[in-house]
Structures are given as structure tokens and as C-alpha cells.
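Just dropping this structure here.
To keep things simple, chains are lettered A, B, C and D as they appear, and every chain counts its residues starting from 1.
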Amino acid sequence: MDKTVPDLATAVAGIEDGMVVMVGGFGGSGAPIELIHALIDRFKATGSPKNLTVVNNNAGNGRIGIAAMIDAGMVGKMICSFPRSADPRAFTEKYLAGEIGLELVPQGTLAERIRAAGAGIPAFYTPASYGTDVAKGKPVAEFDGKHYVQERWLKADVAILKAELADTLGNLTYRKAARNFSPLMAAAAAKTIVQATKIVQPGEIDPEHVVTPGIFVDAIVEVSDPKQEEALMRAGVAYA
Amino acid sequence: MSTKLSNAQIAWRAAQDIEDGAYVNLGIGFPEMVAKFQPPGKQAIFHTENGVLNFGEAPVEGEEDWDLINAGKKAITLRPGAAFFHHADSFGMVRGGHLDVAILGTYEVAENGDLANWSTGPRGVPAVGGAMDLVHGAKRVAVITDHVTKDGRPKLVKRCALPLTGVGCVTRVYTSLAVLDIEDERFVLREKLPTMSVAELQAVTGAELVLPDQIGDLVAPEL
Amino acid sequence: MDKTVPDLATAVAGIEDGMVVMVGGFGGSGAPIELIHALIDRFKATGSPKNLTVVNNNAGNGRIGIAAMIDAGMVGKMICSFPRSADPRAFTEKYLAGEIGLELVPQGTLAERIRAAGAGIPAFYTPASYGTDVAKGKPVAEFDGKHYVQERWLKADVAILKAELADTLGNLTYRKAARNFSPLMAAAAAKTIVQATKIVQPGEIDPEHVVTPGIFVDAIVEVSDPKQEEALMRAGVAYA
Amino acid sequence: MSTKLSNAQIAWRAAQDIEDGAYVNLGIGFPEMVAKFQPPGKQAIFHTENGVLNFGEAPVEGEEDWDLINAGKKAITLRPGAAFFHHADSFGMVRGGHLDVAILGTYEVAENGDLANWSTGPRGVPAVGGAMDLVHGAKRVAVITDHVTKDGRPKLVKRCALPLTGVGCVTRVYTSLAVLDIEDERFVLREKLPTMSVAELQAVTGAELVLPDQIGDLVAPEL
């Protein structure tokens, strides 16, 4: 059961209009730039996928990655905790023009909602945001004398992620802080698509060191020299 | 031909429906036999609740590593591409719907999909283990069981009399006499022993069988 | 900030009467036999700690480990999913005599309740046990047309765990399936005490391979050739 | 001596209260300066929300690894004994009460412990990040801030006017003029600049100061 696919275009072929797409990464660390750009290529060639809801901690930076998706007009809504960055122009322009939606979620709640989706937990309580504008309209409850907000799981149709090593069964490792949301998203999405810096044979990743077990992964494509979003942004690169 | 399938034959029949690459959890005991009967060319990946994915056969006696066990606390081995993880992640795989198939034993299964496989009543020490989680979340929850109890009473019933493990959770039942799907809270007969009439099967089943146009022959090799 | 302690007796010195004690392990895999036996030694010498509530997947096996704690009369209650084993005599006798309490929790719910405690989630919903006797008296709720049971976090005063490697800051790895509940318990207990097969210096465990970060660990004692509960049990060993 | 502490001096003062071995999260921006001023012999362990424990100083310019960043997306380095983990585990550390101290900047802090540090109102693009989690769970949630806004209005107030980050969460406030604890929904003055009278301090504070018998001098070195 080899989950590798031959190229980036094949990897992103099943992503359809209107889907909820989780994109790994925190800022530039862990951003699957090549998968994102392959998706933009498809949109530019075919007009699809469009009207995507994108889940990421941020809302793009500069003129690459998620920012380039927004500029291309593929994104109908962002679900994120911090839609700002060094250069948030792409999102900011569309948001202030009312051309893109925003669901703002506290970062820990975003992580836990994604984790809950993967773990089959439909709802949970968190202290975060209790008593704030962000909690308006959400159920609250008291436990042991303290107040909490009820939050729902957050599922996705697809996750696109960047890993360091993948074996052909989909077992993954990540690189340093690029791990961030990716193991959670891998479990929360109906289909998980991964670009890995290196694809190895089963058995080449120590079972003790697997971070994302292959059960959460559907397709793997090797991108042996992946671009780093922050480095691209600082170099002033635009993907268009 | 025997008048009913042996446990090994029931396990063999259940194994035939597991796709290549499927993620599978086999309940403790009798269901563990299913692993032995995977068809050639189809390689399932087995999950055990205590935090191992892609384990293989039992080690040779004397070679056991007792830190490497399955949910039944039997020693196991690893296949290439295995992974370890903690219990919360493991049950996240279960509840989160990531398993393709869970195959469980049972005391009773009802036509509404209710399962009773954890307690035979209030006497003794109750113990539930992972059963109440395993019945939720797998895309397909199948039961393998003798069609009747040792004293001849139906195990496939209208409503469970024993304490429930889960509500409306079973989708397929493999028995010593038949294969049935649970659809719209009814037992739909898919296969039966060719030596047995529908009436004979109905007589040992505690709920009404729905009879589709096509009913296959349940045939298993001698094992 | 070196978290190592010189010996087992020192490691378990702070465990007091009536505490909730989480004990790592699933069956014999991961059971911290030496820490348990040190606790029994203290009880036999001083009469304390007694009336403990012990959280473990099981309820002891044979005449060692948790079973020996029960035999010694230190345990007032077990919280577990499966109080049976190859030789469950210790628990069974006391349970049938009404001399020990039992809170029976489905295994996945037990894991998730412990995880929730460590993660500051006071309550969550799970499908497990809905409609069964085990859910009696618990709040239920419907999400997206399916029914769920509300479960509460499960905290402990102390966790005693077995690790493979520990660095002096408390970063841990485990051995094979001995990982099981231990990373969850480390986070759920106010004080986490670990026996490690080897204690190393900070930096000797790759940051990518740490399973339990040191923030969850309070005391570490080296037990360089730990006994394995299942092996002891099969050899007929009794700790008394 | 200056009429108020500089930001570096406020950060220095906050750093003096961090115990050896404490697990500390420093908010983005000004609070990050606290790390520089740890007293000799006291070594805190720093946590960043994006999944790193025990990171150290920024790397030399040109040596950045942009996969190794903090929550402010600045490049960091590791100390021996670091660990990586995913975002849910990282916020588990936060909410679960495992951090000893979180030190945050603020727009306003109220005598009831309410904090407002994420939004200056409905204009522009809202962004909350990890602030609403960080205010919960750490054993001590401290704020470092100028005592007044740039145009001279109090930042320590009776009730926050700006959108809240968290309710009743702050336990200690380090300002350019004073150190205060929040106890029983009141500001208790612990230290003030020796050059300033209590009346002068009260005049620039938007809520009544509780005055214990002993009020220390707030003195920081030139930095």
C-alpha cells in the first residue's frame, strides 16, 4: 500500500471548489509552499479549486504561499488566529474590501479544535476567550467554580502539509518547529496530502520517532529541496 | 461439510472482506484469528489500542519482549513501518474514524445494531477495556460470533438483553451460519450455509431476517 | 535545575495518605515496578501512604506491582478500565468483599480524561458509552445528529512512571508499547515521579525524539536494570 | 535617576522574580526582553507556543534557520535539553497550568485582574494569536507595561474599556513606576519609584491603590 504520488499536480488533483483546506505551518515554518503553488497553478489553468475555506494560524505573508492563493482569488474565507504578518497586504486588502471572510479563533482553541476533530471529540470546554467578544454566542459552563467556553471540533476536507521524512506508508517526521499544527491537521482532514523532503522505505523511520503515524496520511509527494516561506518572503519573491 | 463454520472459518470469512492497506483493529481473543487469514496480496495494517500500529505475528516462544504487547497483553512483533504512540492518540485513531474496520466478538447483537459484548450481568468484577470506544468510529464495525449460544439460544436478537457496549454501532455480522448486514435496523441476509434453508436459519435467529433477491453461499475452506 | 533524586525512597517520599496516584503502564508494559515497591516498603515501615486512589488501566496482576499494593492494604479505590488480568486475585478478593472501590471507565475515555486534565480541558464529549450502563447519570448532548456523553478531566496528586531515557531536566523517552498512558499521566499529575533506565545530560536526547517534555516531570531516579512486571508474574514472584 | 523606568528596566525588574528552573512564556515584543535580564544563577526555561521548550537567544544574523522560530516568528536557537511538540501539546502546557509564569504586555489592566491586550477596537483586521490562552493556566500571569499611555492616560484602570483578552487573570503588574499585585480585585502597591509619592502615583493610576504597611523602593540598574 504505497501512498506516494508521482508529482505535485497529481497530489493536489482531488481538491475541489468550496472545500475546507487545512494548510500546515506557523508563519513560514512548516508551510507547504510547493503544494500551495501547485494548487495555484491548477486554479490558474482551470479556474478550480475556488471558494476555498483555508485553515492556518495566519493569513499569508508577502506574495507567496497562502497570500498568493488569496491574491489569485481562490480563498473565500480564512479560519485563523492571527491574520497579520510582516507583510499581510493580500489578506488585509480583501478583508477590508469585504471580499474574504474571517473566523478568528484563539490559537490554543484553534489547535484544540483541530485536535478534537482528529480524535472524535465533537466538543470540549476551554477557559480561553471566556468573557471576551470572541466567545459571544458560544455556550458556557461552570466546572469547579470556574467558567469555560464550549468549542466544537474543526474538520477539513483536505490537509496539505510539509514533512521532513515520510515512509511510503505515510509515517512522518517534521523539522524543528515546523511541526506545529501539522500532526493535528493530518488527523482532522478527510484526505491528508504531504510533501516530504525525503521519502524512505517502511522501517527506515524508527517506530519510536514517528510523529504522525501513516493512518492519518493519504498521499505523499517528494519535494527534495523545499522552499522556505520566510526565506522567500525576505528575498521579495512573488508567485504569480 | 460441517453443519456450521468453525471459529477459524468465521475468522477466515471476515478476513476476505478486508481491503489491501486497510487499518484494522481486532478485538481480544477470537477476533485476533482474523489476522491469519488475509487473502494473498492483501495486507492490512493492524492497530492495537495500547499504542502500536502495524504489528505482526506473535514472536517465537522465549523471544517475547513484554514491553511489546497487544491489547490482549500478548507479545507481538513489529512490521516495517510501525509506529508507537500514547493512549490518547491511539483512541483518537479509534473514535476519530481513522480505522477502516473493527472486528469484535460478542454476546449478543441486535437488529438495530446494538452490541452487548462486555458484561454478562451484575455478578463478578466488571471490566470494559476498550470495547466501548472500539464500537465507535471505525468506518465498519463487524462482529464475528457463533450464531447461537452454547445452549442453543440466538445471539442475533431483536433487542439486547445484556448490558450494552454501544448503541446502533454494528454494520456487519459474520456467524457460524451466515453473513448479515445491519441496514435500517434490520438484519439483511447476505450469505448462508448452502446446506441450510432460510427457514432453518430464521428458526435460530432472534429477529426477523430481511431476504434480498440474491443470497450468496457461505463457503469457507477446511482450516 | 537538576530533577534527579538519589534513590527510590526519596523519590516516593512525598506521597501522602488519601492521594490520587496515577501509575503508568498497560498490564506489565510500562509498569514502574521499582517505584511501586518502594512505596510498599514505605507503607510497611510507616503505615503510610494508605487509602490511595490508584489510576491505571488495570488493577494489578499476580503478587507484584499494583496487586502487591492492594494486598498490602494501601489502596482504597481503583480507577481503571479493565480490572482483570491473568491473575487478578488481589483486586477481585477485596472487591467482592467490599473492601476496595472501583470506578470503571472505558479505556479511551480514561485516556482522554487524563489527557484533558493535563491540557486544561475540564470536560469533553465522547461517543463512548453513550446509551450504556456506564454512562448512567452523566450529561449527554447531541452534536450533528449523534449523541455523546460528557466526561470530566481526571487529575492526580502524583504520577509514578517508567521511562527509558531521561535527561536531568526531565525530558523523557519510553520503550516500545511501554509508552501507553505515561505521557498523559505525566501532564495530569501535580507531581510526576519517574524511574528511568538511564539518566543522561541535557542535549543527549534529540529534541525531535522527546516524548514527554521536562515541564511535566518533577523527580527522576535511575533504575538501570528495571524489572518487567509480566516477566516477574510469569516467574511467580511475589513481593511481600 | 530618571522619572520612570525604561522598558529594559521594567523587563529587568520582572526578571528578578523568576525562580531558577521556572517555565516561562514571554509574550511577543516588549516581554521578550525579560529573557536578557535573568539574575546570575537563575536559569529559566522558556516556552514558545509554536512548539519549542528551552530555546535560547537569537542566532547571529545570517545564521537563521526559519524552521526554528518563536511565536513572534523571530529566529531562535536551542539550549541543551530542548524539546519540540505540536501545537495542541504546546497549548496543553499553557492551559494545563504547567507554566510557572507568563509575562505579557498590555493596553489596559483592571483592578479585578481583567486584561485587554489584543484589540484596540473594531477597526482594521482583528488578530488574537495565543493571548487568550496565555492568560489562563500559568501559575502567575504578570503584565509589564508603561504606567500610562503615550498621551498620559492610566493603563491601570478600574474596568477595562477595550475588548478583553481574559477575565480576572492577571496576578502581578510591573510598570514604569511601580510593582503591584492584584488581590481581592484590588491593586496592592508593593514597590514604587523612591522619587515619587504615593499621591503622585495614585494620580496617574485609574483605580484606587491599596497601601500595605510596607512599600518597597522600585530601583533598577541603568541598562
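We take it that contacts are C-beta pairs under 8 Å (C-beta built on N, C-alpha and C of every residue); 3 or more make two chains touch, one makes a residue touch a chain.
Computed from a predicted model, the values in this text were never measured in an experiment.
Q: Can you give me the shortest step count from chain A to chain C, moving only between touching chains?
A: 1
Q: So if I look at the partners of chain B and the partners of chain C, which chains show up in both lists?
A: Shared contacts of chain B and chain C: A.
Q: Is the C-beta contact count larger for C-D or for A-D?
A: It is A-D, judged by the count of C-beta pairs in contact.
Q: Please flag the chain sitting at the greatest distance from chain B, going by CA centroids.
A: Relative to chain B, the chain whose C-alpha centre sits farthest away is D.
Q: Measure off the straight-line distance from the CA centroid of chain A to the CA centroid of chain B, and report it in whole Å.
A: 36
Q: Based only on mean CA positions, could you tell me how far chain A sits from chain D in angstrom?
A: Here chain A and chain D have centroids separated by 30 Å.
Q: Just curious, how far off is chain D from chain B if you go by their C-alpha centres, in Å?
A: 56
Q: Where in chain B do residues touch at least two different other chains?
A: Correct list: 52, 84-85, 88, 91, 94-95, 136-137.
Q: Do you know which chain A residues sit against two or more other chains?
A: 112, 115, 119-121, 126-127, 174, 176, 207-208
Q: Which chains are in touch, pair by pair?
A: Those chain pairs satisfying the definition are A-B, A-C, A-D, B-C, C-D.
Q: Looking at the complex, which residues from chain A come into contact with chain D?
A: For chain A paired with chain D, touching residues are 26-30, 57, 81-86, 88, 91-92, 95-96, 102, 104-112, 114-115, 126-134, 147, 174-184, 211, 228-231.
Q: Chain A touches which residues of chain B in the complex?
A: Checking each residue of chain B against chain A gives 20-21, 23, 43, 45, 47, 52-54, 78-85, 88-89, 91-99, 136-137.
Q: Give every residue of chain D touching chain A within the complex, in rising order.
A: Chain D reaches chain A through residues 48-52, 65-69, 73, 84-88, 90-91, 94-95, 114, 119, 124-133, 136-137, 163-167.
Q: Which residues, counting only chain A, touch chain C once they are in their complex?
A: 112, 116, 119-127, 141, 143-144, 146, 148, 152, 173-174, 176, 207-209
Q: List the residues on chain C that touch chain D in their complex, please.
A: 1, 115, 117-121, 167-169, 171, 187, 201-203, 205, 207-208, 210, 213-216
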